[in-house]
Structure formats: C-alpha cells, structure tokens
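Once you've had a glance at the structure underneath, I'll fire off some questions.
Labels run A, B, C, D, E and F following the written order; every chain starts at residue 1.
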Amino acid sequence: MTGLDSIIEQALREDIHTGDITTLAVVPERVPARARLLAKEPLVVAGLAVAGRVFTTVDAEVRFAPCWAEGARVAAGSLLAEVSGDAASLLQGERVALNLLQRLCGIATLTARYVEAVRGTGARIVDTRKTTPGLRMLEKYAVRVGGGINHRTGLYDGVLIKENHSASAGGIIAAVRRARAYIPHTLKIEVETESLDQVAEALEAGAEIIMLDNMEIGTMRQAVALIDGRALVEASGGVNLETVRAIAETGVDIISVGALTHSARAMDISMLLERG
Amino acid sequence: MTGLDSIIEQALREDIHTGDITTLAVVPERVPARARLLAKEPLVVAGLAVAGRVFTTVDAEVRFAPCWAEGARVAAGSLLAEVSGDAASLLQGERVALNLLQRLCGIATLTARYVEAVRGTGARIVDTRKTTPGLRMLEKYAVRVGGGINHRTGLYDGVLIKENHSASAGGIIAAVRRARAYIPHTLKIEVETESLDQVAEALEAGAEIIMLDNMEIGTMRQAVALIDGRALVEASGGVNLETVRAIAETGVDIISVGALTHSARAMDISMLLERG
Amino acid sequence: MTGLDSIIEQALREDIHTGDITTLAVVPERVPARARLLAKEPLVVAGLAVAGRVFTTVDAEVRFAPCWAEGARVAAGSLLAEVSGDAASLLQGERVALNLLQRLCGIATLTARYVEAVRGTGARIVDTRKTTPGLRMLEKYAVRVGGGINHRTGLYDGVLIKENHSASAGGIIAAVRRARAYIPHTLKIEVETESLDQVAEALEAGAEIIMLDNMEIGTMRQAVALIDGRALVEASGGVNLETVRAIAETGVDIISVGALTHSARAMDISMLLERG
Amino acid sequence: MTGLDSIIEQALREDIHTGDITTLAVVPERVPARARLLAKEPLVVAGLAVAGRVFTTVDAEVRFAPCWAEGARVAAGSLLAEVSGDAASLLQGERVALNLLQRLCGIATLTARYVEAVRGTGARIVDTRKTTPGLRMLEKYAVRVGGGINHRTGLYDGVLIKENHSASAGGIIAAVRRARAYIPHTLKIEVETESLDQVAEALEAGAEIIMLDNMEIGTMRQAVALIDGRALVEASGGVNLETVRAIAETGVDIISVGALTHSARAMDISMLLERG
Amino acid sequence: MTGLDSIIEQALREDIHTGDITTLAVVPERVPARARLLAKEPLVVAGLAVAGRVFTTVDAEVRFAPCWAEGARVAAGSLLAEVSGDAASLLQGERVALNLLQRLCGIATLTARYVEAVRGTGARIVDTRKTTPGLRMLEKYAVRVGGGINHRTGLYDGVLIKENHSASAGGIIAAVRRARAYIPHTLKIEVETESLDQVAEALEAGAEIIMLDNMEIGTMRQAVALIDGRALVEASGGVNLETVRAIAETGVDIISVGALTHSARAMDISMLLERG
Amino acid sequence: MTGLDSIIEQALREDIHTGDITTLAVVPERVPARARLLAKEPLVVAGLAVAGRVFTTVDAEVRFAPCWAEGARVAAGSLLAEVSGDAASLLQGERVALNLLQRLCGIATLTARYVEAVRGTGARIVDTRKTTPGLRMLEKYAVRVGGGINHRTGLYDGVLIKENHSASAGGIIAAVRRARAYIPHTLKIEVETESLDQVAEALEAGAEIIMLDNMEIGTMRQAVALIDGRALVEASGGVNLETVRAIAETGVDIISVGALTHSARAMDISMLLERG
C-alpha cells in the first residue's frame, strides 16, 4: 500500500523521536518477549497488516501473526494477533500500532453498521473527504473493509460541481460543459443539487452522478423518479444510523456518510506483553 | 507552532495533489468571495489559527478573521470566523481547514466536559499518547485549550516505568535506580502500580509520580493516603464521564483520559461561501 | 499548480547544488540586468509561468513579464518574455528555466500538430502515461495547452483493464464486475480490446470506455459501428502524424498518442542577457 | 548510483500514488508471472540496471535478468531482459521501468551516432546542462554509455566564464584571475569565446579550456592553430549530425551537443507479460 | 537510535553526491578488501556502532567488527575495529565514518576527563545545548558514554527560566507559577539565578532545580547551604578543567560544561586499507 | 547560499521541536526586545549572515544588523551585531544562531592563523573533507573567509588517486589513464605520492596535481625540484602551526590542513538581551 510506510515512520518518529528513554534506561538489550493483541469489545477487524508493519518497522526481526482476515467480525475477548521479538521493540511499537489499529477497526465497525442498516435496498454506503489529515488513504481502506465503497480520494480525481462552482460558471449546464472539456475522459461528472429544478438541470447537462444534498425524504423519492436511471443518484447530508434506512429506501444508489471517518470512536484493543 | 506548517502542507497535498480539477475547470480566475465558518452546535473553540493558516497556505492573499479567542465557549449558530479572498482559494482550503478545526474543537469540548466534571476537587485532567498519528502536537494543544494539561509528549521526554519494564530490571527499585542514572536530571520518574504493595515499593524507590492503574476507588483512596504527598498521584484506566468525579474525589492529583484524543467526535462546523 | 514548486526546487538544486561558482567568483553583487527569452523557431507557447517561477524561486525580486498567453502560436524570432533583476540571479535561473520551457513548448507544439491533423473529425487527441518521470503533471499540462486532453494521471485515478488483468480474473466480464465493486463510483471503467469479439465482450460487461489496441483501420471502423455510442471509443497504438487522420475518420472518440510526451523534441529558445 | 533510488521512488509515487486500482480490484494476489522486455528497433542498451531497480523497488522478490551489458548494440527484436515475480508487481513497475529505459537507450543511441560520426578524428563528444530536470545524473550516465564524456555536472563543479561574466568583471583576464582566487585548485577554468581576439585574450589569461561558441568552420580552424595545444578546445553551437564531422576535422578536442539529452526520442521497447 | 540513519544518509550524500568519481573511474568492481581502524592517541571509545552503520549504509554486505565496548579507554595504537567488504564501498564510507567517530571519541574523551576531575565529590558532569547543529543526539550520546549525563535535549523537553523569562513574567515566583500551569507534570522546573536573593526567591517559588550562573566559589557554597537539599543545584559558567574540582567541592549536584560539545577536538584515528 | 536554509531549519527543529515550552509558558506574546551579540575574545568574523538568517527564519519580522564585514578581525569586547524584535523570537533563535556563529568564527580564526604563518611564501592553505557531517558547505565557506581556499567539496567533484586506487588499477599510470577517460574534462587529476619514485611516476602519468603525503621536509624540497612547475604540488599530513612555515618554505603550492575544520574550537560569543 503506497504511502503506508511514510505514515508509519512519521508516527514512530512522533512518538519515539530521540529515543524511548524508559526502555533504554531500564530494559536490558535482547530480551525475548511475546505479546497478544486482544479485542476488548466486539468489532470488525481492519488494519492488522498495518499494525504488523509498525512492529517490523521498529525492528525487522519482530514476528507478527494475525489471527483473522481483514473484515472479520470478532467477539469481545478475541485474540487479534500475536507478536514476538525483542521486548524493547515490542514496547516501542505498541502505542503507534494500537493507535492505528484501534482507529481503523473503529471505522470498519461503524461502516459495517451502516451497511447492515441498508441491507436489502440497492443503496451503497460511501465515505467522504471528511477524513483525518494525513490518514485518508488508510481510513478509506477501512471503509472498504467495513463493506462501504469510496468516493473520490481528493479534489484531483473526481469532479463534484457544487452550487458555488456552477454559480461562477453561469449555471449548471455551462459548468458541466466546461468540466467535460477540461477533465480526463475517464472521470464521471457529479453535480450537487438542492432542488428538483436543479436535478432537472443536471440531467439536461448530462451529469453522470447527481447528488441530492440535504433533501427531504419525499423530495429524494421524486428526484429518483425524475432521474429514472439516467444518472447515479447520491444522497448526502443528515445521514445517521437512525435516518439511513429511510434514505436508502427512496431508491438512491449511493449514500455518503461523513461520520464514518470523522466521528468513529477508537475500538478498545490492548496489548498484553509477557517474557518470551 | 513548530511542525504546524508541515501538517498543513501534507494535508493539502493529500487533498489537492495534482490539482482541484473541478475548480480549475469551472471557476474563472480571480473571483473575489467571502465565507463564514459557523458552529452548528455548542462547542469550545480550538484551532481557529490553524484553520486560518490552511487558507493562507493555499493563497497568501486570503484574509482570515477569527471571531473568538481560543477556549471560548460558543452557542450553536455562532459565527467562528470570516474568510475572504479568491473564490478558488477558499474552495481549495475549505475541507482541510474544516477537518482540522472540527477535530480540535471536538477535543477541546470533550476535555472541557471532563474538567467541568472534576471542578472543585484538586484533580487535573491530562491526556495520553493515544492520539492520532501525525497530529499529536495539535491534539495536545486542543487539550490545553479545553483546560486539561499534557502528559509527556512521547517516549522521549518522560519516563514511565510499567510492569514490563520493572520486571526486566529486577523490580521497581532497581528500575528507578537505572532510570535515574540514565535520564536528564530535568525529568521526573513515574512508576505504574497495580497494587498497594507496588505503591509502597515505588515510594521507597523515590518515584516522583505514581500511577494507579485500573484500581478500585477504595484502593485509590488508600494509595493516596499511603503516598501522603510524597509523590504526585495519577489515576489511569476506566475513566469516563460517569466515573471521573468519584476518581477525582479520592484525592489523586492527575487523571489521564485516553478518550480525550482517541474518541472525541468532530464538532459540526460548516463554511458558507458567497460571492465577494 | 500543486507540486510545481518542488519540481523547480529540485531542478535548481540539481544544477546549482553548493553554488554557482563562476558567478560567485566573477560577478560583483547586485548588478542590475535584463534578459529576453526568444523563440528561435515557430512554436506553441507553454510554460511561461513555469519559467517565471524558476527565476522568482532563485530570487524573489526578479521581475518576469510574459509576452503571450499560454497556447499562443508564435513565429520564429518572437519575444516570449522579459526578465529583469540581479544579473547573478538571471544567470543562475537561466538553464533550468529554459530546460523546462523548451520541453513544454515542444510538447504543446507537437500536440497542436496532432490536433490540427484531426480537425473536423469528432476525435480528440489524448496523452498517455509515457511521460518523463517526475514531470508528468507539467507534461500533461502542456498537452492541454496544445489542445489535447488528458488520459488518467496514473494508476490511481483511472481503471484500464488490459488483457493480463482480465485473464487473471477469468475474463473481461468478471474483471469489470470486480472493478465495479472496488473502485470509486466516480470513475469510468475502460477495457483494452484487440478483436471484435473482445469489443463485444467489453460492451456486454458494461465498460464505459473501450480501447481498440493496435487494430487495423477497417477493424476499427467495424468496432465503432458495433459499439454504436454505448461507450467511448479510444484508438491506441501505431499512431503518428501520417496515420492519425485515417484513424480519426473511423469515428473513434479518442486517440491516445505516446509520442506527445516521450518523443517531443525541445523547442529552440534562447535567453539574451544585457546589463540593466 | 547515489540518487537513483530517490528518482525511482518519486517516479513510482507519481504513477501509483494511493494504489494501482485496476490491479488491486481485478488481479488476485500472488499470481506468478514472467515478462520479456523487447527492443522494437535497433538501439544501444543503457539503463537495464535502472529498469531492474524499478521492479525490485516495487517488490523486493521480483527477479530481473538483463541479457546484455550496458553499451551493447542490439538489433530490432532483441530480448533485453527477463523479469519474473508476482504479476501485480510486474504490472505496477512496467510503465516507470519502460519510461526510464526508453529514454536512456534513446540518449545512448543518439550519442553513439555522434561518436561514430567523428571516429578517427581526435574529437570527443560531450553533453551539456540541457538535460531533463531531475534526471541529469541518469542522462549523463547514458551519454557515457553511448561513448561520450560528460561536461561539468552543474554550476557547482566547473567554471565556464561567458561573455556576461567577463563583462561584469572587466574583461576576460580579470575574470579568470578572480575565478582562480576563489575556486578549488582542482578545477580547470573554461572561457567562452566568440572571436579570435577573445581566444587570444583567454590564452593570455591562462584559461585551461577555451570554448569556441558558434564559430564558422574556418575560424575554428584558425582558433585551433592559435591555441596550439596550450588549452583544451571545445566547439559548441550549431552542432548536428550533418555538421559534426566537419567541426571535428578542425582539430578541436571536444564537441558539446545539447541535443544528446534535450531532443533524443524514446526508443521503442515493450514488455510482454505472460502467466508464470 | 532514532534519527541516526538520516544523519548518516545526509552525511554520505554530502560527500558522495552524484558519485565517487575516482573510485568509479579507477577501481574495478567487486575487489574484496579489509581495513583496520586505529587509534593514533589514547582515547575513550564512542561511536563504533555509528561508524559501522556508515559502512553498511554504503553497502549492506560490508562486515564491521568492533573490538571494544563503548566507553572503553584504549591506548595509542589500539585496533578499534575491522571492516571488510568491497574495496569501493570501504573507500566510499571511510571519510564519513571517521568524521563521526573522531568527533564522538573526542567528546567522550573530554567528558571523561571532567568526570575524572570531580571524582569523589557528589557532583555530576552534564552537557548543554551548545552542540553541533544536526548532531545533538549523537553528541549527547557521547557525553553519556564518557560518564556524563544529559541536560534537557532542547527547548521542548525541559524548562529553564532565565532572567529574561522571569522579568517578562513579573518575577521568578510568577514565572514558576505560569510554567507549572502550562507544562507536563512530568517535567521539573529549573530557575537560573545570579545572586543569593534570587536563589531564595527560586526556593520560595518551588523550583525543583536551581542553576547558579557564573557565581564565585564562595557564593556557590552559600547557595548550596541555603538550598539545603530542597532542590537540585546546578553550577554553570566559567567551568574548565582547572576550575571544575573547586566548583564540585562546593557541594553542587550538577556541573554543566559547554566545552564538552562545542570545543572537543577530533581524536586522531585512521583507517588502513589492504587488499582482501 | 544553496542549502543554508535547510541547515537552519533542521537545527531549529532539533532545538525547538514541538515548542520552546519555557517561553510559551512564561513570556507574554509580543514583547519587543533588543539583543547584542558580543565577541568575548579576539576573532575573525564569519557567519554573521548565517546567524541573522536563523533569527529571520524563526520570525520574519526580526531585524538583524551586522556590525562588521565577513573576514574582519575584531578585538575582545566588540559588538558583532544587533538583533531586535519579539522577545520570544530572540530567545528561540539565540542558541542555534550562536552555535553556528561560534563555530564559523572559530574556523575562520584558526584558518587566518595558518594563513598568517605562511605569509610571504607562495603556499596557500586549503581545507580537507574532514568536516562536520551536514555542515561542510558552511565550514568551507568559513575557511575562505579566513583566507584559505577549498579543496574538492566531496568525492564527486574532484579526483584524488590514492595508493589503494592505483594499486587496484595496476599502477599510477594506468589509474590516471582510466580517470582521464571517465571524468569530465573540466576536472584536474590529483595523485597522492609517498616517495620520489611515485612523484616521478605521477609526473609521467600527466597528473595535474601531485600530493606529497607525510613526507619529510627534505624529501618535499626534492619533490618540488623534481616536479619543477609541471604540476601543482600539495603538502598533506603532519601539518600544524609549528610545522606549517617550514613546509611552506619547501616551495609547495598548497598545504591542506584537516584541523581547520575538525578541531577548531568555538569562539566565545554571547548574546545580551534587554527589553525593547
């Protein structure tokens, strides 16, 4: 996974910097040890390879054995992975490995709840750009592990024409025309709409994806009918676990949820260390 | 704030990379615009200067005017700041600025709730190393804004002797002696304890801070009495908004709370853009 | 343009490194000078802002005045821009500025010749990933300036299923299905085909873009008829200035040309310096 | 080769960035494959180790077996190298490896044609600073492989006093004196001249290399006679495959050719992949 | 040791840059060789692992065998380490390895002389922030090897309130109060004093370390009596090998010596290479 | 000076890292202050612009006024420069500015003593590659300020054929021939010799510089006579302030002195701060 190494190196530098002085002062060199990573609550597993990579970055001789495939749903108390190697290396990698793993499991677990909530409808759960600065790639990975799909990665690989954009260009139709002339032919054009009139305009403009932004359930249903398969339909705004099912049942194709990444809480996972 | 610029540059690169193609395609050059950042829920303000720096990094000519001092408590609907400049620049900075601001306000707001919960006791709320990889410096800043104080920044600027460390060294007393011989004389030595026996041993070893890890309320009270002012006392583990008051009332000096940084949800803040 | 500064800084470092020793040794400090950038042959202008940025990176007080808009076609002997400032700064920026400008004008000029060659057909000229390592963003910019459009930027923002991919997945239909489940919904799926059978399979799979790879003119024409507007059609392979018109006349939408970036020669541009 | 790794890492990041989504979506993990790199036209081999390094950077387990030594002249259809390993790794490295290899073979091949053109004269072919920003070290390597030699690497490791430098210093003699007092004693001083008078002045100044810039053939011959072995003589300007022989026959020692690096076209090389 | 690799890579890049042209030109590939690192004067060994890391960074196949533990005192003529591997690799690593090793041995040796000079008193020798930019971590390591201990690493992990700080805050007592409210509870607060009145004020403020800056021996003795074990006492200023014993005998706990790092001369160490 | 900014940024990061906590805690924002940099002993000024750049890197609004030109010889007590601006900024830049300035003045002062010692002979004092890792460019600058000249910057911009190189190549003559064929024609070739026989061989090989390594004074005199102006002559090894005059009087052109950079002690310079 391109970029993963620099995230891990930066995180280790942030934590260890000039040295783990407690370990350097207190722990003898070359003491073999083993540790177990344990889920303290039920969760969807995401990021075990990332956690493993943290330990092997600290010390290439550490062995990390994951017990589950990514995406597995595990019960509280489950053993997630075993780590073995030099005690000092395990102590130095512990916090960074857990910080990443707890966050990724948190995102995958929350995503899975949304996916579950819309099961049986045609709607798919997607993420947004409301991610943690520096960790977007990993967080979007966790969304996929949880069963969601990804929206554009950033401003560079997708076109989303919002109100402000189209106003600048003289309307949705002009904006879509300009975008078509500029962007790679490999990208679809998405238009954000706030009313049925705008939906109609986006359709006429040839938008390939139409976002219904903060619409009432009833309006969404009308929009879906109006679009009638001529574009992908994305619902956005006001989505939470209480509302997502009703939104899905309007017939939209895609529901984007910022909370997946900006408000997932860390899962409770701990590392138990014992002498080797 | 050292390091802030590289966090912001990395976050912008992550989002914009080779270019904001929607804006490049659709928005004419040099359209003046203004935007308002609005709190959609009550919150403690943290990170306005950070958000401002995002916009001025995108475009040095953007003007950013914060409406509140850091640490202010504001009501839902409050105007947090005004931004003006080239429309394209505001659109390009928006998401990164909000991602950082929403997170920092979230941490400060949650910290303030913990601080409020222990008001009148002698206890202070401190953070942990359970922070977002890459953002520790900013998250610890938000904890201070919320009224907490910081634990060590990383493994390099504080000594915390845990069970595994002292076991390696042949007991707490030997571990503290080793640490004293190695570390700068400017750092205090903290020892993690899980029983009153260990507390007594840490005291004898001359630990300057004693952490009571996952102890029962009653045991904590006994530990405080046993220590009797000869070391700072830190409570850790099982802390949440329901339990924190009772913990504080045992007489501990410091209560460390991982949730401040690993599980604060983003505050709801939005940016409204209008033509200049 | 995100990334431009790091390209320029790297190029200047490569050329100047520990210092321009000739200028340091020989040229007195603070001698005002002016220079003119001249086209020694007819060309399409691309990269003047890039060249200007080189000089202002060397010395923020240099003034750079471009004489043409990007995309202008100019005659041999045309003045492209004027530069003024400290003589030492102009001498230090000269080579890097010209190296970039000559290359970008070369690409834009060659692209314009291809665009001219297909004028009146519906076909558009697009680039490929056959770019200079490290300069892709700039080279794709020059293609747009020359009237072409861009294919995907890299492996991360577009899907192109080649023979080897579909063979691994058990055929084109399975491959497209897998891609659909994995990628952002904002991206179109392109399938490379080498025969009419494969074209039919790609259509059935729902490919949004079908590449005709190294096909005979007659076969291309049949493919266009078969596809009949249900997908974008891209011709690839064996394209040069002799063949491009005939390919365009088969009715394909897109013609991709590796030579635009991998074999454009540098335009002849020189800088004449005189005392200020 | 110092610096090679960072060129390759940057090129791979540019192409792959957050991931090769086609391969990630479509190709199963761990499918063994083999590929052959084939010359589609006659060429001088340069950069096979560079191409190999691209693949092993993607995946340390890929095996790359070159079939020729650097500098070999091969016929159209020749097998250049064999690559084997995980199919996904081969697909991810292919484009970057070819982009570098095609360029380096292009430069070596063009250099070899110039070297051939002057065979039997005493003149040597050298490159210039008209290289691709970021790739100078590799391109100068390819020139050596093609039989040329290198001029200074950049402004920091050679002294070339041009008209503008000497005018600033009050003439060639003063300029050379200043340079001698400033630069390491390990570097020769080169002076650019445009007339026989300037040649005489450079000789008097003690220049160790004299560049004849854009001189007529006859004037060059006179300059060579005038210098008479007291300095190295370099011809520059107006050099192409038609003129280079005549220039060489004037008796100059060195002929510098910008086109070697700024206008060599990519050689046609392709990679054929098959299941392992 | 976190950060060591980047110091070494930077140093090698500084020295080798685009290539060791003498070795590339003259030395055949793959010639086995051995070399011995020899102390040409008596010294305290520090940095052998660093020197070894230089060679293995140049070439992972080089073998480096240290002959002494860090901190050993060796006589003139002693063999410090043996290195074996490719001759070109040994030649390329030699200068950087020696530059680092000679400096670190110099610091450890000088530190050991200071430590020796205060033997039998209770005082410990500590370093300062007067280190070589970029090498602080390594230089502080060498001080520890020589028997000293470290002061704070930088401005970020220790509090030292000087005259200028307390004047800004309205006196020592206010300054200490502000610091206590801001800094991690894991750090001690140090106050710099220049008179007995200031010592008394620092004591009242609760400073945990009191620095006696440039005081007369007699005044120091009075200060030690006044403090009477309620804070650590650090002497600073005017310390050299002639004065350090008398300072130590005043009863201070800590003596900080800038010369340890800013003026230690390089130890004379050479590398003798022979064919393998 | 290319590279200076990254040295300064790295040094400030090393010292300040996550923040100057004393100043952040204690000093109010925006307190104007002035400071004077004072020489506490006689010295040759070098690096004032570097020190100034440290302060303006911390805070672009600081004003730095040097009182002397580089290379000036000043008495003890001299005012070197005045700095004014925000008190916090002066406190944060102080240590790094002094660490660099004290070192550079130390090198320039020591160099000037060597230059003085050979005055009237034809010999010039040059530095070596025995510099501080990461600071070579600055240290070589200080040597020039002190009146010395620079040897090659690194392994990449000069050729020095040592015993080990020529042995690998089959003798000095073969080694020089190989070097001539490989290196840029702009570089001179230097050969290290340890006997008059080797000197004769180097002359025959056409070496442009001949180093006399660790030779007796008498042998050096013979070598100078033997070479008789056909190559530059460099003396190396065993050079100190006691021996350098006699070496110079043998008639060598160049004397290289490692101590200039590896063993110059820091000059005593302090900064006095007062409220603005």
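Basically, contacts are C-beta pairs under 8 Å (C-beta built on N, C-alpha and C of every residue); 3 or more make two chains touch, one makes a residue touch a chain.
Just so it is clear, the structure is predicted and the values come from calculations on it, not from any experiment.
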item: Those chains which touch chain E and also touch chain B; value: A, F
item: Higher-contact pair (C-beta pairs counted), B-F versus D-F; value: D-F
item: Chain pair repeating B-E, as identified from D-F, A-D or C-D when over half of the contact pairs by residue number coincide; value: D-F
item: Centroid spacing, where centroids are CA-atom means, of chain A and chain B in whole angstrom; value: 22
item: Computed distance of Cα centres, chain D from chain B, in Å; value: 53
item: Computed distance of Cα centres, chain C from chain A, in Å; value: 33
item: CA centroid of chain B to CA centroid of chain C, Å; value: 45
item: Numbers and ranges of chain C residues touching at least 2 other chains; value: 16-19, 137, 153, 156-159, 181-183, 187
item: Pairwise chain contacts under the document criterion; value: A-B, A-C, A-D, A-E, B-C, B-E, B-F, C-D, C-F, D-E, D-F, E-F
item: Chain F residues within the chain D interface of the complex; value: 124, 126, 144, 149-153, 156-159, 181-188, 190, 209, 232, 234, 253-254
item: In the complex with chain D, residue positions of chain C that touch it; value: 7, 10-11, 14-28, 31, 33, 87, 91-92, 95-96, 98-100, 102-103, 129-137, 154-162, 164-169, 175, 178-179, 181-183, 187, 258-259, 262-263, 265-266, 273, 275
item: Contact footprint of chain D on chain A as seen in their complex; value: 1-3, 137, 153
item: Chain B partner contacts - residues on chain F that touch it in the complex; value: 12-13, 16-19
